[in-house]
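Per-chain numbering from 1; labels A, B, C, D and E assigned in written order.
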Amino acid sequence: MDHETIERLIRLGLYGTAGALLVFLWVPLVVMMVLSFAVNSSTLFPFEGLTLAHYGATFADSGLIGAMFTSMAIATISATIATVLGVLASMALARYEFPYRELYRTLGILPMVIPGVIFGIAMLIYFRTLLGIVPGFWTVVLTHSVYGLPFVLLIVTSRMYTFDESLEEAARDLGADPIETFVDVTFPVLAPAIGAGFLFAWIRSFEDFIRAFFVRGTANVLTTSMFSMIKYGTAPKMNAISTFIVFVVAVLLAIAMNAGDVASYVADTDGE
Amino acid sequence: MATADHGETLVELDGIRKEYGDVTAVDGIDFSIERGEFFSLVGPSGCGKTTTLRTISGFESPTNGELSIDGVSMAGIPPEARETNLVFQHLSLFPHMSVSENVEYGLKKSGFPDGEEPDDPEARRRELAGEYLDLVDLSGYGDRNPTELSGGQQQRVALARALVNEPSVLLLDEPLSSLDRKLRKQMQVELRRIHERTEGAFFYVTHDQEVAMTLSDRIAVMNEGKLEQVGPPEEIYREPATPFVADFIGDTNLFTGTVHTDGDGTAIELADGVSFAVDDTAADGEVTVSIRPEDFELVDDGTLVGTVTERYFQGDSTNYRIEPEADIETLTVVAQGRESPVDRGDEVSVTVAPDAPVLFD
Amino acid sequence: MATADHGETLVELDGIRKEYGDVTAVDGIDFSIERGEFFSLVGPSGCGKTTTLRTISGFESPTNGELSIDGVSMAGIPPEARETNLVFQHLSLFPHMSVSENVEYGLKKSGFPDGEEPDDPEARRRELAGEYLDLVDLSGYGDRNPTELSGGQQQRVALARALVNEPSVLLLDEPLSSLDRKLRKQMQVELRRIHERTEGAFFYVTHDQEVAMTLSDRIAVMNEGKLEQVGPPEEIYREPATPFVADFIGDTNLFTGTVHTDGDGTAIELADGVSFAVDDTAADGEVTVSIRPEDFELVDDGTLVGTVTERYFQGDSTNYRIEPEADIETLTVVAQGRESPVDRGDEVSVTVAPDAPVLFD
Amino acid sequence: IGGGGSTPTINILTWEEYANEDIKSRIEEEVGVTLEITKSTSSSNMFSSWNAGQYQQYDIAIPNNNYVPKMMDTEKDGEPMIAPVDEEAVSNFDAMYDVFQGFADSQFTANGNRYGVPIRFGWYGYSYDSRSVPDHEDSYKALFDENYVDADLSGKIVMYDNHFKAMSAAALYLGHGDAFEGSRVTLSQDQIDEVKQTLIDQKPNLQGYIAADPTYIKSLKQGNFVIGQSGRNEIVEMWSNDNDWPSMATPKEGSLAWFESAVVSSASENKTKSWEVINEYISAKNGATLAKTGFSPSVNPNTQEQLTDEQNEMYGAVDPSRLEQMIPFKAVENEDAWITAWEEVKSA
Amino acid sequence: MGDSSSATFRDRLLSREEVIAWFDSRRRSLGITAGPALVWLVLLLAAPLTFMVSVSFVNVNESYQIVWQPTLANYEALFAGGGPLFQRAFVQSLVLSYAIAAVTTILCLVLAFPLAYLLARKGGRTFKVVIFLVLLPFFTMYLVRAYSWYLMFGPSGVINATLLKFGIVNEPLAMFSYGVTAIIVGLTHAYFPYMLLSLYASLDGLDYSLVEASRDLGASRTETLRDVILPLTLPGIISGSLFVFVPSLGAFVTPRFLGQGKVLMIGQLIKDRIGSLYAVGYGSAASMFIVVSIVIAFAVAFRYVSIEDLGGI
């Protein structure tokens, strides 16, 4: 076989694997979406026809929709806290040398890599036994604000490292004081990374089941509702709500990817 | 614009010293920049040029020494309050602002237009920014994003942004080093032109001695945190104060030799039987001597005989490496003009006009 | 090593054309590289130099045309099977290998030492790598990590890594562009020296015409995917085939004029009353003429009169911009040597030796 | 349309059927409260979440009877976590089958206080698809002994994903019925090990462990398995949906009977209202609806008047005397050892 | 008029200078930036984890109250039970979890590499579309992804039903039943994007001319992969592996639904203990093993990678 043929085969192999992977990533989701419109909502065969009834039932389920709004509220508050803390911490890490800096950084990454079960339990016994706080909405917010921090930290610090500090000096040089410099230059330049960090923290909170499970108290969040839906085998609503979420995320992601270079923030936070 | 007002001291550095922990970046230097002049600071990488410039602009405060601008001590004055503006090596244009917004930014921060409440300050700034974009030949580019411009155009935006504030001193840190050769040549000409059209002094930092020589009214040569020499380009090139300056500014041949003075005048002996008459009598005994490649002349009966080992054609001149018979360093000799009188392997002899060698103790 | 064996064709490009979608990067070029020669390809950015080089090394296959090395067609031969080696612009030293391991890598891949089972192939490779590190003056640096070396040293490692395989052609893509001026000059000298000590041809790609002229046996000038001229540096500089070549190689003044031939010989008229005698009779009628800055002579009674608007001191020469009285382009004139006979604002007149102007149709 | 701001909210942690809209609105109207019902899927979750602090957020929980003593034992600030029954508020108590009144006395009473009120009941055995599993004498052997029924059941058996239910079945199969006699289930360590080994040996034949009743029904319908440990209510539900092929078996070795019992948190600010709500769950009308919804009989025999004959046969008039041959749910001795053994089964 | 405006200007100037002075103190600006997160992390991460450590050394009594008396009982309980050590539930479950996490990690690595390589080499529209297709599942809820596989697997799940429907098989295939395979597939699907993004970041940062240099020096494609690409993308491989391995190790939801109760991973074991017995001591002690092994994994990993290289996530 000559060189060109080998090249072609290798290329074919690469594209083949990549294509197969996309199929792997998508098939179960597509099946689920199809099932959300199917009368028989738990498997494709025997196929019994199409219906929108599952969607009707889902959006009529005030408990489920309420839980979704609770989750959104938790995600928004906790991601905001994580973003504020994370951006400040990133500035410290990127700009200053200080004792125990590595430890600080490691501590900041840790919430992301501690298994949810363990973090959830630790928070539960901490809130309950040590602090005597009754778990609920706010304990989930607190837990998720810590959980979301690493995502902001990682994305923003790596953007920070490539941030050209001479931009700030240029602003100072042109007559801006430190605060104006931050407002006029630092923040706008970092904004896409900060936005990406917020988005990540938001999604991590919104999709978290296990931490919320332990510390939610009587608050109903979407994931715990979905969890019991799966456990009870209430597939129709589960399919419908899941499909709805995939759809919303797709639209938002498409908008975000057209508006800014989300892909590079997610995939390659080194920036350019 | 116009009419530089030379002769009056604008910036004065007095014993400026800057230490970073153990590192002494700038080791006590004094010089002054005059109103309206084009002053360059040159030296090898790491010699302290940027540190000096950042001290003037206010981003570093000196460990020791006094800096004053326009007679006012700058101690404790932050960068934004100084009458200096900087053109950064990597330009540092604000990527989230248009070209015009970049130029307007300094105006806005300085409260321009000040005094009475003008009708539309925004428009006034935009207008002035436009004038400065004209100055740098970028009319009509105001609405673009900086990233949509070529390297040379970005360079000019950076200039306009700094110039629009009409700083007493415009500080430029290697502004041309990221450009390619053609553009660099072009921008050199532009810089001179712009300097002439504005009133402020330019303080230009570079390790490229060619650019500095071409552009400057005066040059300061720096090495390892210390000043070696300050003066106009011709003086620096023709009368270098130290071997370092001779070597750094232009190409040169450095030898060690002994100075003998007798009835015939002064001569320097580089090795047994190799000696040249010299006019320079500044030094005596064991000396270092600098002879520029173009100061050698290929003659039939020179005192220095050697073999041509390399010949580099350079278009308007030809460069030779000559291995002398005597036990001295390889020579670099330049023959200017179209003629390339000798070739590799030729045995040649060279001589030097007595006014050419420069001696150092 | 030693004894270059010129005259025999080693690499032959025949009608090579490379398209990327709509872009024609290389537009049908033919040239050949001879065994042992130092051949440079120069041209402005984007003209197709790298594409040509990558075609030779096998990283691109030509859309049309034939490439052969040593008489063998290279169609379908992958890079690893070609007798070429590359020195990359950004060096591309393996950061996870020591200097010596970098140099040994190619040996290992080529199965050196081959034939019988040697006692300790590892050691044999290390030894040979050591020899090549010697060649590039890096003995004793083998155990370092490439990142622990200076730019110039890294450059030499890259050379050694490519040379150790004793390629028939060493391909170099802008290998000096990331170095600063002093180092670049130094490395030029090294490159020539190393080329002489090895047997292979060097194919050197650059946009820096100065370096190409200094180093090459022959130069090919490329523009927009096409070859403009191939020849030795002197020929290219003195007898450029096109205005593009004249302008790209060295500095020049380009004018349009009319050629008149009468009893006195041939003369070219640039404007009313401004004409020079010329030896070149290659063209006729309306022509473009190229006159190098150093070919003008400042004289008392030249035909071309103008005012000095700029004066750039350059050490061994001085550059003037002269605004002619006649309606022609601004001149660039170089006065070589120590003397700087005129100053800004002076009225001067210049003349040109008849053998200097080059005419183009 | 209620009284607005002054209506207290009663928070209940209980099984899904208790949230039935009809029952809920009737109770809200009758008692003058707003019910906030959180669904739970297991008694152990009800217990552990209350223990973890949620007793402060709920007024009522309705776990299985065996968890009531555990809750009585659990102290918060030196007091039991749950409050004694407000006898006056639970006026339907007397209408209950005697046997449940007896259980309440024997299991839920300490220091002269009663802490729990039974609501509905049922029992566990196993059930199977009569189309593929031939008739046989009801015995746990069907689940554990490969040769007991004349069919290849390998990979078609399910068990409960619950240490108490699954291990009890194995213990009964092994003939350790006497361990279920006292006030607690008392298996010796050796017996626990034997149970464990039996379950481990059974594991390769299992299709899986089933965690929730609806999953059992769905899976059985889909034919994923043909025989499995189950509650009676699942099968009754299938019968009422016109699936006549499932059969419910009451193994001769003994069945486990449960009755869900309501408790009120000691932290509740509306204890009386809470007991009134509980009382409503065993009224004739609500008890009948609850029975219908969950396919499990109420502890109040008066519910039969609200149901059809067919309904009564399935989940209305089930005589609790049948429970007397059965083994009531009870707390286990040495639960740690049970759980350890169970984990070993699951991880084997 | 003019006076008052200049007065306010002066005030502004004053406060502005104060602010500048305030910020110019390095310690203060360090405090402002590093401080809040530090407080947060100490109060909501370090403190709970430390407390968890101490809880792992105490017992819970019959009234389910913590008895503050140091004991090793919880650690003993982890290894309680008869038979050889490796048959004890905790050990088995731990080993199984490690094995599942390891296989998942390797699968993700092997599958993600080609795609990451292509993405890093290609730009333009295709890149955008593909990255969109990869990111979308990544941004949808984890639970949804696990659930979608729950539909696919099982004796009558979509895969088996489809195979049966088209007569490809007569009996549901056991390999598509719930169990370890299903868990690994589910976890791979769930955490694959982490690996992809890490690898992508690292491959994208790889100077491709190094690959060409290797080819130029005579190395074949596979040799180049082994000698150059893999060693140089090691940080990406390691960070991607950590981000897949660690959550897989402690996974709860996926094994819960895709294991059909027959598989007990360590996350479930801990959760169930707490759920049924409120065995916080036992749960804490078991957690220590995971946390310690994660810390060790990171300590080892950080000998090869710096935290900056983890940027991809």
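One rule holds in what follows: contacts are C-beta pairs under 8 Å (C-beta built on N, C-alpha and C of every residue); 3 or more make two chains touch, one makes a residue touch a chain.
The chain list, named the UniProt way, goes like this: A = ABC-type spermidine/putrescine transport system permease subunit II; B, C = Molybdate/tungstate import ATP-binding protein WtpC; E = Spermidine/putrescine transport system permease protein.
Worth saying up front: this structure is predicted, and the values here are computed from it rather than measured.
Undergrad: From chain B, how many touching-chain steps at minimum until you land on chain D?
TA: Shortest path length, in steps: 2.
Undergrad: If you tally contacting C-beta pairs for every chain pair, which pair wins?
TA: Result: the chain pair A-E has the most contacts.
Undergrad: Taking the mean of the C-alpha atoms as each chain's centre, how many Å separate chain C from chain E?
TA: Between these chains, centre-to-centre, one finds 53 Å.
Undergrad: Give, as an integer number of Å, the spacing between the C-alpha centres of chain E and chain A.
TA: Inter-chain centre distance comes to 13 Å.
Undergrad: Using CA atom averages as chain centres, what separation in Å is found between chain C and chain D?
TA: Distance between chain centres, rounded to whole Å: 90 Å.
Undergrad: State, to the nearest whole Å, the distance from the C-alpha centre of chain B to the C-alpha centre of chain C.
TA: 28
Undergrad: Give me the residues of chain E that touch two or more other chains.
TA: Those would be 20, 156, 274.
Undergrad: Listing for chain D: what residues touch at least two other chains?
TA: 52, 211, 222
Undergrad: Return the residues of chain B touching two or more other chains; collapse runs of consecutive numbers into ranges.
TA: If we look for residues of chain B contacting two or more partner chains, we find 78.
Undergrad: Can you list the chain A residues touching chain D in their complex?
TA: Spelled out, the residues of chain A in touch with chain D are 42-43, 124, 128, 134-136, 217-218, 220, 228, 231-234.
Undergrad: Using the touch definition up top, name the residues of chain D that touch chain A in the complex.
TA: For this pair, the touching residues of chain D are 11, 16, 38-39, 41, 52-54, 56-58, 211-212, 214-215, 218, 222.
Undergrad: Of all residues in chain A, which touch chain B in the complex?
TA: 164, 166-167, 169-177, 180, 184-185, 188-189
Undergrad: Hey, which residues of chain E end up touching chain A in the complex?
TA: So the residues of chain E touching chain A come out as 16, 19-20, 23-24, 26, 29-30, 32-38, 40-41, 44-49, 51-52, 55, 66, 111-112, 114-115, 117-119, 127-128, 130-137, 139-145, 147-152, 156-158, 161-162, 164-165, 189, 192, 197, 200-201, 204-205, 221, 242-243, 246-247, 249-253, 257, 267, 270-271, 274, 280, 283-284, 287, 290-291, 294, 298, 307-308, 310-313.
Undergrad: Which stretch or stretches of chain C touch chain B in the complex?
TA: 45, 180-182, 188-189, 192, 207-208, 210, 213-215, 233-234, 237-238, 249-250, 292-295, 310, 312-317, 319, 334, 336-338, 340, 356
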